[in-house]
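Both complexes shown next keep chain A, but they swap its partner, so chain B is in the first and chain C is in the second.
== the complex of A and B ==
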């Protein structure tokens, strides 16, 4: 999942900051844009959960949900076959819409899922045959939803999870591309609804990651009626089986989700990891989900208003902006006494992410595998040192990233030192001269894409200054998050800052970011391509977790460090603050549907 | 005509008193008596000097070096630390000075663009009237019907962010008020005796517009420039605060934007320094603009 570079600002996911817009005067524009509002506004329930996002939401279509913010948002109305256990660590998969984990054939290639009976899509006018009543979910809906992922018309950034892995899906994609339109009635060999409630998936080769994919937002199930009825507006009209339904929205900026009255019976987990009992995470064991009646999600692109809203009790949890860190957290990395007196708690978790500045590998100057371009990238990597940012932007809540794999993910090698990671101006100048740009002469300013928050501006100022040391200048261009990601897909910059948070607990999720077949619009934004790296990646895919695979991963990390398609940044820690009335907040990196577990106790709210 | 115009008066005085004073000399004499105005001129000259010295690299250079730790509070240990340091440990004092350079340059360049536009269009419209007048009036009413900050943002987005875009955007939007005044004055003056006299001795349109009428309305230009200069400084700060102004250089607007984040950690000095710097120059221009009007606009003679 993509996320913003300066989330130091606004941490990552659960970190999701909440906020509400009770004072609508704050955003007079929103009054005019409430067009997507389909239901009359009801009085706000006392147990409403208020959360926030630091970036605008690009839409609510699961096949487009490749960033954290959209991924979290689509997880309110939609669900997939599997999900992560909310409390258990290490992370384990549990069934969501599936009845149980699948039966896997002996050769490891065929997965058979039983889907729960009696699951209903939420009521929506798109179900014309039933007069707006939601119909029952069937196995065919998964076949349809996953074909949407492969439909070239949708240009989904998530197709990589099935591409080349599910038998026949790539052919289906290619045929659709050739024909100019996708034929959804054409079967895919590896994707079959055996009967109404049985789904069978056949893989081209065994995969140790495949089950993880089925918990990712890309694979959430959508009814064909809705996608057809709403057309391009589908991204603003979610119709799913999930715990919430959209009541009101300002597309991109604010979403009000109400409890879905036809949500399946799901209960709060009754077991967790050691210590969860004592921490109170099991107090609601066995209760029907969701535990709150409404979720209000508002986008705060700037960190200060969000922090002030949290302090005023208008957000129920929040990340900690860099400038409020010392106010919130003591030197011993515990909650500050002043906040502790108000009952505010601190929740910490490894971020399982990596930040990087990606080079556009298709660019004639910085891209490509010529020795000249490679030396230029290495020189820039040596000058653009992220170490000062650890204190300045993350308050020490981060460590240097030497390669693409963060600590906490199997395959991370603590001993590995990237030869181009830390500042070395002399060496950088030397490489730059060898690349044919002595002291930066002959090199036009590099186009650096960034988002427009004040913190991102400060970060780009830091990088500009560092590159000035070797005579390289940056032409910084800023925009909002959705525009920024779109510009990257279109290859509009030469360099841009990005962060990637694990989708599942396997280093493969980070290495696939550099696999050439995942090039943009897939997750390989840089469009890096090295046949040797690809060969090792494909080889590792077939191997189970173990020393042999880890050895290959380490080799791949070395290749990536040498080719320098990224300037490696940092691996972060997530620090969230939570109000006393907000219960059951346990940071879960992979579970985007976490809102349904959070309980608001209005009696504790003053 | 109820009141005497500047031109009339100047002419009268010249006839009556051989050692007469021109409009400008007269204005200057009156300005000299206004102590507050003199102080304001001093402030403007001081800012201009600071800006020039910063531009020449004599003072506050280099500004982007670490002089102390991140967010060191103001101290009198050394000059760069007098206003403390920012996030990166750069001297806020140096940044304020460099910000003055940016602000003064924006004021100067944008006025150099907008003033000729305002004078030319106003003179042509007022002097010739007819369809030229209609076109010019249409142009400036249209332009002024768009909220100016929105217009500036739109232009900056089209041109790409940066100082050049700000110069240009301010330059081509800020001429409206001057144009209005000049147009009105030209309409008044073109039928005055001295213009008719010039016409009768064969002065061309060009000569009548630029040689005869313009010098007699030039004091409006001076008044307008002093106001425009200040508006340009304010606009630059606003645009930079919004992140679409100056890029990669210190600016008071960028400093205030930084302060938005750091105030909550108690680092008030960047905000204080930038707003103080801005406060004095804007106030000085405001008072100066008023004083100039009093001194130069004969309509207000005796009211000062």
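== the complex of A and C ==
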């Protein structure tokens, strides 16, 4: 039965009831609108720096800071012995908590550091003996902090930087593992506090990379009082010597850092690389750091809100999301005129990374060093052209990689042209035929592992299409990131895409990805093994930076290009946009403490 | 009634066991290897073996399952290997932000949907009904992402009525920071809910007792609001109550776009990082809430509809 009613039929009582229902529904809505109208922003210093991170922060314990974002965050309250010069390129190490660069013994194995006197940890309730006043930093604090790095209980992903390299530290770790608990009073031969301000490190063999490790966040110094006082909560209560102290946080998502009043005297650098003066990077030379009173870091997991927040002036600088690229950058790769009119600048820097498609070198078809397998890989490399991908997937913000070393890293050779890169279908077909697979005949579809992200799926489609040109078929298998990495480590595929960003500015960091002793589960995912490559790698490890080492690196790159364990992909460029009131933004991938150099000029902020 | 509730609770125990068993099996068959992630990019076979041993992942599966059951009973899932926070604290910390979004959104949606559902059922077949039904279908056809992208761009960025992103605690900041996501939730959910409540009410209008009431000479509004509405409560309550416990689980997409540090985001992050401790806690929690919601619905159903027997 249909109800044939009009409003006129409704009794007054019922209308009242309906009105009440509507009113109760609209009340919360009114509250929302009211709150929007009455909302007053909390007061903050005028020179507050607002920045964003695209991923959640995995705590504030330096021994767990294994990604860029956690590295940046722990660098606000903490510091290490060394840091990178903010402006100079190529990257140069300078002292942070150390008085100077270390004295190195003649055999290159012993490093002696003098630590600056009078450095204070931030005031914190964990310092019970001083009533909450931060005590002075000593050499023993480094010994303690690095033992934490080696403590099996902490499962630090950064232990590799000392493991097997510092005398006795691996034994200390193994004993702790065996006993089920670490004995911090037990000394480590290669790690000694000679006196209150002198730290001595003894290596198992000379290493030209070791000093770089001492600028990594894993090695930042923490006071034992804080780690013991806060226990499992230590990752939320940073207590360091750094330029900022945590005043407010939503763990993982938002951190508010205020200037640390007891921060040591540090000044903005007074020299940089050529062009820095003209670019205005030396305008604040000699000024006391940090240059801002507060840093607010917010996690933006989605690109649209980050971009809109930047455009609304809520963020002082930002990366450029792929979807907003054309709004920000013109066809000539300069800032879009509309944004330029607002004073927004474009800052470009090399990403110091390489993408690649790795072959499973233990696979009976594509792996191994037989001429047949090598020619198959070379043919695939010639057919998989990354040049179209540069426009399609990176908006032109990348260059084709010729080898494992990206530009900007010592050892990169701009003159080197990989003989098996850039599309050459005729040559690829020829090599494929010589390998015994004319037009791909006799070759089963190659299992290509990929993550299930939309970009990776599209990239897989592009590669499938390219390889179809020579008769090679890809069997693309997508999975979530954790499953993808597990499959790689278990060698379940024949080919997969990967990327590596430099941990330190030495080509060794990229070449170690092809060193056979680092084979999976280590960083050499492909499990590539070439004794000559290994011999050169081991030789280069002990050599200081110089022409002899560079020549060895270049030789290794040629070997890798010829063996083709990877299809080299691209070296990415980083484009950032910066508001006119944000000064001194010069991307420094290795210096996680960059915020202290950035200045906000409130007079330019409308 | 109490014995009925007790019986219902007891009957959920085998289901809960089934859920825990399935969750355990799934984590051990599918998914990534958390030891690989913990070991980091410079992993070695020795380090991975150490980590497995430390976490008990090298123990027999029955032993691991027993440990899992102990975690459930004590609600102590230890510390996340990704965030290095106690899992319990993560959950408790995420519930507040999630609820501050989902509770007002859910109740607003329910209230508005019931009011509109009643009205359109009242005017069934007339232009009001037709317009609302077409509007509902249109609303349901637009994905939430489209609402978010448009709402964030237009109302937050262009008009500046709401914050683009971010979550603040305290009043009125908290309300202000969730206002837009709440409105988007309401917009997305209204289409389905209005149609549901409309159908629930219309089903009752076809019943014999309605004809009887009319035959008695009762005014139509009285028939509608006093008899039809009361009898429509059973499906309405079922729809509402079953959802309430799940509000704790948050709304991933809205949380992610608006930077609300809720449970939805925690769960997705755990999934992306093979954070098994958090994932185990979340799946078990969600299952418990679902079973609790179902039980509550059954009990309330009996309460609102005397025709349903306690058996």
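Quick notes on this structure:
We take it that the second predicted complex is superposed on the first by the 367 of 606 C-alpha atoms of A that agree within 3 Å, B and C clash if a C-alpha of one lies under 4 Å from a C-alpha of the other, contacts with A are read in each partner's own complex, and residues count from 1 in each chain.
To be clear about the criterion, a contact is a pair of C-beta atoms (placed from the backbone, for glycine too) under 8 Å apart; a residue touches a chain by one contact, two chains touch by 3 or more.
The structure presented is a predicted model; accordingly, all values stated were derived computationally and were not measured.
Contacts of A:61 after superposition: chain C is touched, whereas chain B is not reached.
By the touch criterion stated above, A:327 is placed in contact with chain B alone, chain C being left untouched. When the two complexes are overlaid on their common chain A, residue A:251 makes contact with chain C while staying clear of chain B.
Of the two partner chains, chain C is the only one that A:160 touches; chain B does not reach it.
Of the two partner chains placed by the overlay, chain B and chain C both lie in contact with A:304. Comparing chain B with chain C, the partner in contact with more residues of chain A is C. In the superposed model, A:355 lies in contact with neither chain B nor chain C. Of the two partner chains placed by superposition, only chain B is touched by A:458; chain C is not. Once chain A of one complex is fitted onto chain A of the other, the partner contacts of A:236 are limited to chain C, with no touch recorded for chain B. Comparing the two complexes, residues 302, 304 of chain A contact chain B in one case and chain C in the other. Only residues 64, 70, 87-88, 161, 243, 247-248, 254, 257-258, 260-265 of chain B touch chain A when the two sit together in their complex.
Of all residues in chain C, those touching chain A in their complex are 30-34, 36-45, 47-48, 50-51, 54, 79, 81-86, 93, 104, 107-108, 111-112, 114-115, 118-119, 121-125, 149, 152-153, 156-157, 160-162, 164-168, 171-173, 175-176, 179, 182-183, 205-206, 210-211, 219-222, 224-225, 256-259, 261, 265, 269, 271-274. Contacts from chain A toward chain C in the complex involve residues 1-3, 5, 9-11, 14, 17-18, 21-22, 24-25, 28-29, 31-36, 38-39, 42, 56, 58-59, 61, 64, 66, 152, 155, 157-160, 177, 232, 235-236, 250-254, 298-302, 304-306, 308-309, 311-312, 314, 480-486, 489, 518, 521-523. Against chain B, the residues of chain A that register as touching in their complex are 302-304, 307, 321-327, 391-392, 452, 454-455, 457-458, 461-462, 464-465, 474, 476-478.
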